[in-house]
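The same chain A turns up in both complexes below, where it pairs with chain B and then with chain C.
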Partner chain A sequence: MKAKSDFPSINERQPEGISAEGKAYRVLIVDDSMFVAKQISQILTSEGFEIVDTAYDGEEAVEKYKELYPRIDLVTMDITMPKMDGVTSLEKILEFDNEARVIMISALGKQDLVKKSLMIGAKNYIVKPLDRKKVLERIVMVLKQRS
Partner chain B sequence: MRVEYINPFVEAAFSVLKEVLGTEISRGELYLKSSSQPMLGTTAIVGLTGDVEGRVLFDMSLQTALAIASTMNGEEFKSFDDLAKATISELANMITAQAVTKLHDLGFKFDLTPPALFTGENMEVLDTDVEALIVPIDMPLGKIEINVAVRERN
Partner chain C sequence: MSDYLDPGNEELLKDFFEEAQMQVETLEQNIIVLENDPDNRDSIDEIFRAAHTLKGGAATVEMSELAEFTHIIEDVLDEIRSHKLRVNEEVVDILLKAIDITRAMVEERASGGVFKENISGLVDSLNALLSEEEMQASVDAQKKSKTGDSPVLLSEYEMLELLSTAEEEYPIYRIRVTFNEDNPMNTVGGVQVYALLNKAGKVLKSDPEIDKLYEDNFYPIIDYFIATEKTEQELKELLNITDVVLNSEIVNIKKAEVAESTTETRKPKIEETGIEQMAVPEQAEIAEAQERKSIEKAKEKSFKKKKASAYGSVLRVDSRRIDDLLNLVSEAVILKANFNQLSSRFAGNLDDLQSAEMRYREQIKEITDSFPKIVEQLENGDSFKSIRKTFQERVDGVYEIFDMFSGSLKSIVAQFESTAQSLVRVTGELQEGVMKIRMVPIAQIFSRFPRLLRDLTRSLNKDINLVIEGEDTELDKSVIEDILDPLIHCVRNAIDHGIELPDEREKAGKDPKGKIRLAARNEGNMIVITVSDDGRGIDVESIRKSAINLGLIHPNKALTDVEAFNLIFEPGFSTADRITNISGRGVGLDVVRKQLEKLNGSVSIWSEPGKGSVFTIKLPLTLAIIQGLMVRVGKEIYAIPIASVIESLRIRPSEVKLIDHYEVFNLRDDVLSLLRMDRLFKIESEEKKPFYFVVVVGSGEKKVGLVVDSLIGEEDVVIKPLRDQYSNSPGIAGATILGDGTVSLILDVSQLLEFGMKSEMNRRIKIETAIQRER
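Showing the complex of A and B:
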């Protein structure tokens, strides 16, 4: 009988959510919509990412980032949220950790805010509706630009 | 049409809407229609084919669709844009998928079409050969009518 390792390993692609060191990337999801947070979470967990926490407004995001630091690899940041919007929250997170990797999640028609976020230091952005391929592509791109 | 087909859709709609909108939901009086019916303006349709065949409509006004999309996404919508449309289609998908799981558990075997979305004023729907059973669902954001027209294939 052949051992499993004798077969070509076409199915053994490394999931995108696992780093070269074999550890799951740790992600904080920030979104006031449970529906959107769940969509992002489903896409990422299916690729092996670890969702370490979810924050439902910008203020909570800053608090949770500080708690999780330095054991956090990436933040997905919604823009329109109550209490504190995503752009302000991004600013506060970068004040605390200027190497934070934050990806903005934007609705259509928010180009000005996306541009502003990128100028402040967001690493990339994704426009809703969320498409699995697009989400993974952008996130992997950011994680690979490891400074 | 047998009422047992519609109950899974109503139950699924209740649990999904409660989850994604976090609001109060109540069920209006169920009614039957065999003549053509006016549509509310924004309608997602899902087709069923197999032991059971027909279609399910999720029908609402544009205003209700926008309010639902806004709540689900945590965004303000000025128009019924691609994101709003994708959200209403996804809502129809979530409800139908849950209903179908229940129907499969009851022993019915069939497939679904992906949801399609229609928008426009003065639309009507006419089902020939099969009656439509309609369940209005009332929420603070507005009303959704779940309109099911299915029959057993023979």
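Showing the complex of A and C:
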């Protein structure tokens, strides 16, 4: 079920997920928790973003990024994941594409890793539990920075 | 709740519950791994991750009691991870208890309630695990993070040094950033800004230093010194990070402004410390209040009855399996097109046939009409030979009419056959594919046994090693849910009765550590699960004695070993001298058998005294489709599950003997009673036959011969459940639809055995009373 705010009136404002050129921003969601991934996807699709794929661990994320590149605008990256954690995955993605826009998703208590990711080159971070407003705000900010 | 998580967002909640259950299981499994191997990094990481994800999820769906509790667990796990806490039995006990509570909380939430039992005792013992030192350290860290170190001032000399290191071409700014303390990760901001600025230019220095920023402390104000080509306005925009940065002051400090800036930094410092000091007691108060609240919450003791889970079961399927199915479906669609084409070709063919038939009639008519002419010709004296020739030509023409038709029919039939063949293949693969979707690895239930073993061995003072094999073996989800209980029973039995106490084992010259092996493998379209132990085995003699005492067998009956083993599946059977709370009450193994039979499975046992015993459970891979032996009784066709058919044979009526008014017959050296299906189901069938067809069916030791009119053969039958008023029909497990569309009933053999016995008994009682009356 969607709240009213999920159907923004076009007359009032452009949905956040649509770029100035009128194209939907393409997002890759990386999260080992299906629940969180779905939640992010619900928030983003409601604003017109296009979720191009979902990866459930760091390794898969790198693979999918390479597959999707350059038709990808943003990655949301969980920090604690099996196989390869988010920080390592972030490093690998940046190795491949220096311009990659990655936003870290972290639960409280992982400050050290968030800091590390930011220094490596993550564009921003979002703290779980996720809040719709904050998620959108931070993602939009990152997308605006380059354009 | 957050705006997108309204109560109607059930889909998301369902995901949460499913995932939460998985996390709880991961926790449990890995903690047990850890007990045996305290340095297993993978397990520690896995545990930590699971607890962490669970906590995050619970907080998102605002299940505060769950989030709070898992937070404490996470703290304890963190201790383990950082090697501050050694994993020992006590720790594992407490953790397992905590996980049980977590599971109860999740279940309570899933059924729409809130967990309200008092858990303060457990919370205390969890907290006790956090070493005092660590507690102190964390308190210190908290204090520190709240107060923070106010920015240290740069001396004039330092400033000059800084300027000299900077590249000349860019202006240097001092950016004073004020951070928002309410941000949940307030300690990250410093680094975030540092990273941002470093991208925009070159950060020459930060105050506090970057190393300090990495520590988990919150600094309300941080000064950055940056050389950049960006304008002040651009920098300001860059630093406009909501929630993180409250304010940023940018000052160009190149050269002359040095002195001014140093004095400027002094003032805010005092102000800041003042604010900070005020903030501390306030925070503490809030924390205290929260604590009180949570304790009250825990003490609120009201037991709520459990409702059935409000959320249906969810199946996770590998997407490749779905893709395979899609491929098959597209093939099926192509086949459908083929059939359409075939049907139009058949229609055309039918037209051909009709027109051919017309022409045929015409020509026959012409031939018949030509008879007077032939007679005339004969009378005119035409030679017989020439008449015969013209006649022959005409008849040949009639034959040719059908040539074209039969040629096209042949090609259509050939095409039809090959299309039908493909349909068989595609439906077969489709069936397999759909079944595969329902397949889940048996690891799902095997994984629960280490915990069970641990609890039982400790209460029984036994030392047992559990070996699990073949946990990747897959079987139907509906089956997997139903075999857990029987399997637990077998394993319990092995632990309690099978494995001896360590000193007993040593006396017998065995390894004092017992071994139980739990293995699964595929065998045809059955799955075989074995539970084997290297314990004392089953004493045939004591079974015999108990069975005689219980009146299950006659004292004179000769008993083979296998028969003796199977006796332990009889209701009420127990050889245990004492009753433990684990097993030995004699209820159980018969239930195990009953439950497995419900799943069309079977259980058997083999044992060697002193060496151990093996329980073998055989189950069909799925319940939806079974192999059935089709038999005919009167005009009805019945399917008997092949799993319960032992053999089928043909006997003469004269071989049927009567013992005590029971119809029986000899099968090798056994005497089997006969059940007449026609009598049982009250179907009229022709009585006089030279032979009876007998299908010997049975489960366990009970065997009976079913008399049917004829055997049709083996077939895969799809079980359709009986609904409503028919669901209570004894002896019928379901129905299926045969190839020609008729409905056939599937027999439930174990019920049939009971039902047959009962109706036979009733008949006998009636006969006996009738005889008595006559006297």
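The definition used in the following text is that the second predicted complex is superposed on the first by the 134 of 147 C-alpha atoms of A that agree within 3 Å, B and C clash if a C-alpha of one lies under 4 Å from a C-alpha of the other, contacts with A are read in each partner's own complex, and residues count from 1 in each chain.
Rule of thumb we're sticking to: a contact is a pair of C-beta atoms (placed from the backbone, for glycine too) under 8 Å apart; a residue touches a chain by one contact, two chains touch by 3 or more.
It should be emphasised that the depicted structure is a prediction, and the values quoted were computed from it without experimental measurement.
Participant: When the two structures are laid over each other on chain A, do chain B and chain C clash or fit?
Facilitator: Result for chain B and chain C: clash.
Participant: Please work out whether A:124 is in contact with chain B alone, chain C alone, both, or neither, and reply first, second, both or neither.
Facilitator: second
Participant: Which partner does A:80 reach: the first (chain B), the second (chain C), both, or neither?
Facilitator: both
Participant: Regarding the shared-chain residue A:115, is it in contact with chain B (first), chain C (second), both, or neither?
Facilitator: Once the two structures are laid over each other on A, A:115 reaches chain C alone.
Participant: Taking the superposition on A as described, I'd like to know which of chain B and chain C A:88 touches: first, second, both or neither.
Facilitator: Neither partner.
Participant: Determine, under the contact definition given at the top, whether A:41 touches first (chain B), second (chain C), both, or neither.
Facilitator: Touch partners of A:41: none, neither chain B nor chain C.
Participant: For A:19 in the superposed arrangement: first (chain B), second (chain C), both or neither?
Facilitator: neither
Participant: When the two structures are laid over each other on chain A, which of chain B and chain C touches more residues of chain A?
Facilitator: Between chain B and chain C, the winner on chain A residue contacts is C.
Participant: Among 37-45, 55-63, 145-153 or 631-639, indicate the stretch of chain C whose C-alpha atoms run into chain B.
Facilitator: Looking at 37-45, 55-63, 145-153 or 631-639, the stretch of chain C that collides with chain B is 55-63.
Participant: What part of chain A is shared between its chain B contacts and its chain C contacts?
Facilitator: In the superposed arrangement, which is not itself an observed complex, chain A uses residues 32-36, 80-81, 107-109, 128-129 for both chain B and chain C.
Participant: Quick check: in the complex, which residue numbers of chain A touch chain B?
Facilitator: Within the complex, chain A contacts chain B at residues 31-36, 78, 80-81, 107-109, 128-129.
Participant: Please name which positions on chain C make contact with chain A in the complex.
Facilitator: Counting only chain C, the residues touching chain A are 2-6, 8-9, 11-12, 15-16, 18-19, 46, 48-49, 52-53, 55-57, 59-60, 62, 74, 184-185, 187-188, 191-192, 194-195, 213-214, 216, 238, 241-243.
Participant: In the complex formed with chain C, which residues of chain A make contact?
Facilitator: Spelled out, the residues of chain A in touch with chain C are 1, 3, 5-6, 32-36, 38-39, 42-43, 46, 80-82, 106-109, 111-112, 114-115, 118-119, 121, 124-125, 127-132, 134, 137-138, 141, 145.
Participant: Show me the residue ranges of chain B that touch chain A in the complex, using the header's touch definition.
Facilitator: Per the touch definition, chain B meets chain A at residues 19-20, 22, 71-76, 78, 81-83, 86-87.
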